[in-house]
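Next, two complexes with subunit A in common: one pairs it with subunit B, the other with subunit C.
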Partner chain A sequence: MSSDGLTRATLIKDLRLEWRSKDAINSMLFFALLVVVIFSFAFDPTAEESRQIAGGLVWVAFLFAAVVALNQTWARELRNQVLDAYRVSPAPPNSLFLAKALGNFIFVTVLEALMTPLFIVFYNLRALGPAWQLPIVAVLGTWALVVNGTFFAAMSLRTRSREIMLPLLLFPISIPALLAMVEATTSILTGEYSAKFWIVLLVAYDLLFTMASLLLFSFVLHAE
Partner chain B sequence: MKYLFTIFAVLTAVLLSYGLYQALVVAPTEQTMGEVQRIFYYHVPSAWAAFCLFFVNLVASIWYMVRRNRKADALALAAAEVGVVFCTIVLVTGPLWARPVWGIWWTWDLRLTLTLVLWLIYVAYLILRKFSTSGQTPVIAAVLAIFGALDVPLVYFSIWFFRTQHPQPVVGGGGSIDPRMLHAFFINLIAFSCFGALVCWSRYRFEMAHRDVEDRQALESIMEAGASR
Partner chain C sequence: MTDPSNPQASAIIAVADLVKQFGRFYALRGVSAEFTVGRLYAILGDNGAGKTTLLRSLAGLSPLTRGTILILGKKDLRSVCSEIGYMAHPSLLYDEMSGMENLRYFARLYGIVDDQRCADVIRAVKLDPELTRPVGQYSQGMRQRMSLARALLNDPKILLLDEPFSNVDMRSAREMVGLLVGMRGSGKTIFVVTHQASLLNGVADEFVWMEAGQIVNRTPDFHPPDFHPLETR
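Let's turn to the complex of A and B:
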């Protein structure tokens, strides 16, 4: 099977599994909803304030929710020694990684699409800046979280208490990406300054860590 | 080799004592900040030592990925551990100095934030090593070290731009420096570089000895199992 075919097969398998069980998306959705409600009680913002803090709120909620999906990425493959089968097969590790990252990207994007209307309703949001930049920031930011998250989830497979290991690795490394997403979103919502620098930074982050992940993933997969 | 370590240890002790004397007695008291400014002779050299050790960790990690040399891995571990200790010293002495001088314990300024993020990344690195159950901990740790190093320029630019957007309290300031202050500073810089290298070296030797013992014990238990069969 070609490497494209392998990526597609793994991706379709993961999507079908998710479609039938809806484990990841349900837990992510409910988790993000809880974060929205709790933040709303904790800060009780007015419309003007919520425009200032919404960028942070949205991305922190998505980040926490994404960890739920990311933790399930590889754990599924441990059952019945599927991961060992991947290791001994001649399949290129990168196509497996890309399939997993794309799968997580789709899950988190669906989550964002469903949660954004809720955010708008709960926090009375209206973008004062160029709103067409928001989807760009969302796509770049989601990929930034997901590419490193998928990679670190594979790294934390062979650790004790791996569920907590993933955020411990992911959050410190994601600081610049998180800052960029939050600042870009806030700047678009308030319209006070341009989001250009942050979008460029996100592109740089995405490119750098996608390449690093693809270069180093085979080491992590074969580390037993 | 053994003598070299002892000689280096004695040299470091002499340098540190001389540096302490220079910093506390010889260097004049700063006009505006007063005695508290003397923390500078320890704060900045500690930061320098921490950054050097993190750099050693990166080089050793890459070396391990290329050559799979177990000495490189032991060095990476030693450098990361000692680096985190020095970085903690920086993060503790910083607020102690900032509070009387700037009136605040902490500000999210570029240098402070970068140091804090580096500290977070390396603490994550040490936790990963501690929690890893596979025999391939060195590979995974080396990969994380490389990811951390890639992250540093991005952290730098993001915070730099973040700071230019949001106004900050004015930190630092010009003025001429007494040559005795510079002298005390450079002595301490050299002394702390030696000190960091010395602690890292002894941690490295301990790690290698520890691994030798583990290997030997594993070998012995295999042989015993073979003999009893």
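Let's turn to the complex of A and C:
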């Protein structure tokens, strides 16, 4: 079977497992919803202030919620040590990595699609800049979060306190991407400056970390 | 003994000076042995003797601290992994999926896209491929059988089975032994790590005794439980 076919089979398997268990999506949704509600109580911004801070709030909420999903994707491979079945097979490690990253991308995108209307309502948001750039920032930003997150979640898989280890590894390395996402979103919402630089930075970040993860994942998978 | 550096070695598996260290604990302390094709080996020993570590090393799951493993004449275990079937103590199955769904996925890992093969191995372990119940709702015995079916998917030349009879009722365990005998007859080399060695008495070709990370004895018969291999040396 081709590498693409294997990636597809693993992705379908992961979506099926998530559909049946709802492990990741329920906890992500609940968590993100809490963040939206708590932030809306904590701040009472005007429409203009909302545009200034919403980029940060939205992406921090999505980052924290994504961590929940990232921990779950690998945790299900540890139950019954299923990951060993993959490790003893001749299947290429990158197929597993790509399937996991794509799965996480889908989960976080679903979360974003569900939470964005809530953000718009709670914070009275309306973009003054080119709103068509928002989906681009969302796609690039989400991939930046999940590609690193999937890699570091796999790395912290065998550590005793992996749920703490993942944010400790992921957050510092995500700072450039997070900065780019927040700045790009804020620039689109306020219309004060161009988001082009930040979008290019996100593209570069995504390419760099996708390549690095694909190159290194084999060592992570086969490490004891 | 076969020279592990010689790729023309006749033994299907030859190991030399295997050392596996976990921190300050030595799980394997210089294991050297060779195993020939078409035989059923029972690997016995107390808890912590190194049986599972040896099996995981052969499966390529546990990188060695030192030593050489030669399987089918090759040192690179990744190149022969499609010739190895591995059944671990845990089931290595997804609890949320049915047996057929599990096997269909694992078959893809070996490039097998034919569902018939999955159905055949499920039937071979005396389970029903039409069973839609998730594996998480199987009895322990059924789970063990499905786990064995997963290990058989790629029709391996070498089968590494870790505690296949644990928590299995006597009738099912005997059926599994019968299945292993049939597979040995078809030329497969089988390694069974077990604490229920009596099940393999008169069946296994050799009993390999391990103690404190070493192979201390290899006998053609199973000796009573009070037998202490080191005392006979």
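Going forward, the second predicted complex is superposed on the first by the 224 of 224 C-alpha atoms of A that agree within 3 Å, B and C clash if a C-alpha of one lies under 4 Å from a C-alpha of the other, contacts with A are read in each partner's own complex, and residues count from 1 in each chain.
The rule is simple: a residue touches a chain if its C-beta (ideal position, glycine included) is under 8 Å from a C-beta of that chain, and two chains touch if they have at least 3 such contacts.
Just so we're clear, the structure is a prediction, and the values are computed from it rather than from any experiment.
In the superposition on chain A, A:Ala9 makes contact with subunit C only, not with subunit B.
Looking at the superposition, the partner that touches the larger set of subunit A residues, subunit B or subunit C, turns out to be B. Contact with subunit C, but none with subunit B, is seen for A:Asn80 once the two complexes are overlaid on the shared chain. Shared-chain residue A:Pro117: touches no atom of subunit B or subunit C. Once the two complexes are overlaid on the shared chain, A:Arg20 sits against subunit C while remaining clear of subunit B. Touching of subunit A by both subunit B and subunit C, each in its own complex, is seen for residues 223-224. Looking at the complex, you find that subunit A touches subunit C at residues 1, 5-6, 9-10, 13, 16-17, 20-21, 76, 79-82, 84-91, 222-224. Note for the complex: subunit A touches subunit B at residues 148, 151, 155-156, 158-161, 165, 168-169, 171-173, 175-177, 179-180, 183, 193, 197-198, 201, 204-205, 208-209, 212, 216, 219-220, 223-224. On subunit B, the positions that touch subunit A within their shared complex are 65, 117, 120-121, 123-124, 127-128, 131-136, 139-140, 143-144, 146-148, 150-151, 154-155, 157-159, 161-162, 165. Contact residues on subunit C toward subunit A in their complex (touch as defined above): 59-63, 78, 81-82, 84, 86, 88, 90-97, 101, 105-106, 108-113, 134, 150, 154.
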